[in-house]
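Both of the next two complexes hold chain A, though its partner changes from chain B to chain C.
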Partner chain A sequence: MDPSSSGIQEPFDLIRLSLSERVFVKLRGDREMTGILHVRALKHMMGHMNLILSDVEETIMIVNEGEQATVSVAKRKMGMLFVRGDGVILVSPPSRTQ
Partner chain B sequence: MSFFGFEERTLEREKNRRVEQDEDLAVYTWGEESYDGLGDALQEEHDELNDETFGDVGKVGKDFDFASANPAVQPISKSFFLKNLLAAQAISLESIWDDRSPFSMRLNGSGRSSLQPRGDSPAQHRQQSGIRTLQEIESEMQALLRERQQQLLQQKQREEEEFLRQEEEREFQRQRLLYQQEQAQIQRQQQLHAHQHRTPPPRMLPVSQSPRFMEHQQRQILLLQQQQEQQQLLRLQQLQEQLRVEELERQLRSQHISTIPPDPDMEALQHQQLQHQLRHRSLPLEDGLPYLPHKLAQAEFLRDMQGLPQADQEALRVEAMRKILEAEKMEEKRRRKAAKIAHMSRYNDLMTQSDKDFITRIQVSQLVSQDPYADDFYAQVYGAIVRSRMGLGADDERVLKFGASGGVALGAPSKGGNRRPNAMQRMQQQVERIVSNARKREEEKGLHSLHSLQGALGKTSGRSYKAAPRQLLQVDSGAAPSASPTLSHAQPHAHISKSDSISNSHSDAAATHAARLGRETLGNGSSEDLVRMEPLTQREILVTLENMYDLVLNVEQLRRDPASSRGRRRVFWSNGESNEFDRLVDQMWSHLKVMLPLATSTPHPFISLLSAAKGKKILPRVTRHFDQQRMNTLLTLLIACFSQLDTQAFLSSVLQSILPIIVKGNLRLVCGLVGLLMHGQDIVAIAKSRPGLALLTLFLTRVEVMRQGEVDEIPTQEDFAQWQLMFDHLFQLLTPEFPLLFPSTRMAAHLPRDQPHINIPGIDSLDQPVWQFLAALAVQASSTQHQILVSSLREKVLDNVLSAKKGWVVDEEERTTKLANVDLFLHALGLDSSQITM
Partner chain C sequence: MDESPPPPDNQSPPPPLPPTGHTGSPTDFLKGVVGKKVIVRLNSGVDYRGVLSCLDGYMNIALEQTEEHVEGKITNRYGDAFIRGNNVLYISAAEEL
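So, the complex of A and B:
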């Protein structure tokens, strides 16, 4: 009964389906963020997957160097964010808790 | 690496060479252990013939002494020597040995006579009188010293100025010579040129006017300016140093005056020593100082002599210094500005107008695209919205079109500012010219019938300057017609189209169920051969919504399309366009899944679509295109599934799209909808939610309006009877819950018992919709229902009036809100809060 689960045909379909939805974005430099994906036209995103996110919460992993390297997590919230595409590693719909 | 232009290698070589030379030299180590004893080998005898060899001539005459023989020459040379001697006293190394500082002079008085070659100073007279204080001696000596130095300085300055002037003169001459030479050369070249080409090309400029020559000239000027600036700077620094030194001196002196020394002799000695040191330190500076110091020294001298009040002198001096410094600064500033302008104008006129045009053409050509409207979609739509908001004609698109070949999108109109529109116009003209030129060229080409050969050698990428980044993801843009105006990948998503077909089949099924839905909504439907489905998954919802967006954008594009610019109303459209429009709207309708039977799933697919934020957002855009009948169906479904809706965004988006239908609906529709709300749904829960309450209020007011007879279609008596039944039923259901409809009452239940009057900020504005609803209810209620209302709400009313009148409120605003709320309800009953007495 589930016709559409059969096919994400091309990578951008996933992105397209996630428009106006909350997505999880992993970035270079051990940074991660969740936010609501905006911009419907993907045309200019082809080369780089630039994103515009709103209501963003960013998570930054900071490795404290020393004898025993510890990892601390910093979080910050932003209303609106433009994410340059060359730093994006993955974009995914977040796991739903409903 | 090289320092100061010296090549290190040269230095290295030099050093090496020297080392080699050192090794070549004979090394004498007399007296050391390794002494080879060569000295012992010397012959110490045979000296007796030395006189014979070198001669012993007896007395030597004085006939070589020309000076004494010719006394006329003598005075000149003497004065010359004297001059040299004076100069040497001030600055030469000798002066260090021949210490004539006040200190040494005092210690060995012998120096004094040689120090005072120019006779009578007042101090000398006093010296003869024999009684003098230490201070007198000191000042006298200082004065003398200063005088001498001053004279020396003046002389030196004069010489230096002269030298500088000559130097400048020479430089100027040299420049002029150079320039003349260059001019001559240029003329020669020009003549040569003219000789060779009888008709020089029109753009050929004489070299002297060419930018490069100008540049050369300017660079020279710049160099000169820099030199001058450096000199200026140096002078300033020296001045500052001088000032500092003098300041120090003054401090010392004032200290000396103000404090009574325990041992005057020692103190004076120390002071003198210090001053002596200062003098020596400042001497080389004064040497290099061309202008001011002698004036300063003079001023100081004068002050010492005349004994003017120190403060006045000080003020004068500071003022003067400040002015000088200011002037210097201004000059500096001016110079810097001039230099900057010269620097900036270096490249003036490097490009000709045609060069500039060429660049512009390249830039503009990048803006041309095949589908300017879609490329500039957001700006265009935004611009349209802004224009319509401003009440301007909404139909003109800001796109330059060139036939079928494409166009340039001009973006949204800029707000205000006179420059931008001008630039826009200029660009527009430019583009038009470029396009027409290109077309002309094309025609010419056609004339030469080069078309047959075109592309014979393969295609060249004529737009190599379009430095687009390499595409990392190659998305297959198939040949399928673009479904979306905003999406570049024209392939309609396969999975989406697959789901299309499925949902289409569903809508087919839905069509067969349409009749049954009607029956169901009326409450007597049977659930025979119902196709039960699982609720839509998140992905299905998203896929459907994306599809909806594509359709909506297509429809909106169709309405905006210049081809159909005759108007926005469908009646004027030609048949084909109308068909296209209908087809798209039909697709939207089926995608909304409104026609699926109510019991298909819980929540209903349509409600599932509304659960997503973008689903709620798209609803008003979709419903705009639906006709009355479809909207009624949609509204029916919405009401029937009201409890399934998440109420978050209902008020903002969904209610907005159904409001016009309710406002226009007849009594029978309203009746049916209220019936739907009460049928199989928890009407009390609905009434306790904000959107539910809003909906009920909406229905009640609509009925009241119809009762007043302010509608086109007067309802029949039968309809009213039906409504009365419905109303009574609703009233009955809600009666026990009246007080609990208020958010404040519900919240108060959670508050501690001993503080019943605790204030929750903004609670009255939350209560307001409830009061409105109750007022709407009261308007239509019978007198018995009035009594029920009053008795159940009596406490609430009294509570509000009491807190308003007793002043249990935060501010005046809250008080008025409370009273207004109560009055809203009481007025409907024909009462007023002022009638209530406590």
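So, the complex of A and C:
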């Protein structure tokens, strides 16, 4: 029996199917980024979820402590980025993100 | 087996079995929730509600139709989401098994 409609057998298949696509990545420390998953990086990713991304835009949520806590957002762009897997919380192919 | 109350003259009653035909094993629970709606809570307190596509031994999780809930409010939606297992606090069944 196929447990899911998408035919994914293990969670890494979701990453495998997203190679060379733009993915959304949520990281520890209130950081998010989108970038294109590097095709040749699969071996790195399998073990630890290390990611190699290109054409990256990072969004950093900065909480300003105070009487009234406010959140400001900083963005930056990077051409190529290696993300160490232990910082990764969530990866989503944003093509299907609304 | 039978629903009658334990006889008082018994020595010590066996520990009660969980209801409705599930064995107590965590693996069996996880097998049972694949394809079902679940709530995944992370150590950060964020909840992800969605349909569990699959999971592996690290408790890496693939979810479909995922909603991200922070303090009871939906903060994001993802068609598919991969959650790295080390962040997972628990997986809870959100519908009848």
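As a working rule, the second predicted complex is superposed on the first by the 80 of 98 C-alpha atoms of A that agree within 3 Å, B and C clash if a C-alpha of one lies under 4 Å from a C-alpha of the other, contacts with A are read in each partner's own complex, and residues count from 1 in each chain.
Here is the rule we use: contacts are C-beta pairs under 8 Å (C-beta built on N, C-alpha and C of every residue); 3 or more make two chains touch, one makes a residue touch a chain.
These numbers were taken from a predicted model, which means no experiment stands behind them.
Touch criterion not met for A:K77: it reaches neither chain B nor chain C. Within the superposed three-chain model, A:V88 lies in touch with chain C and out of touch with chain B [touch as defined at top]. In the overlay built on the shared chain, the residue A:F12 is in contact with chain B and with chain C. In the superposition on chain A, the residues of chain A contacting both chain B and chain C are 3-6, 8-13, 93, 96. Partner chain B is touched in their complex by these residues of chain A: 1-13, 16-21, 36, 40-43, 46-48, 93, 96. Within the complex formed with chain A, the chain C residues making contact are 34-35, 42, 44, 48, 51, 53-56, 60-62, 64, 66, 77-84, 86-87. Chain B meets chain A in the complex at residues 375, 377-378, 468-473, 475-476, 486-489, 491, 493-496, 498-499, 502, 533-534, 537-540, 542-543, 546, 549, 612-614, 617.
The part of chain A that touches chain C in the complex is made up of residues 3-6, 8-15, 24, 49, 85-86, 88-93, 95-98.
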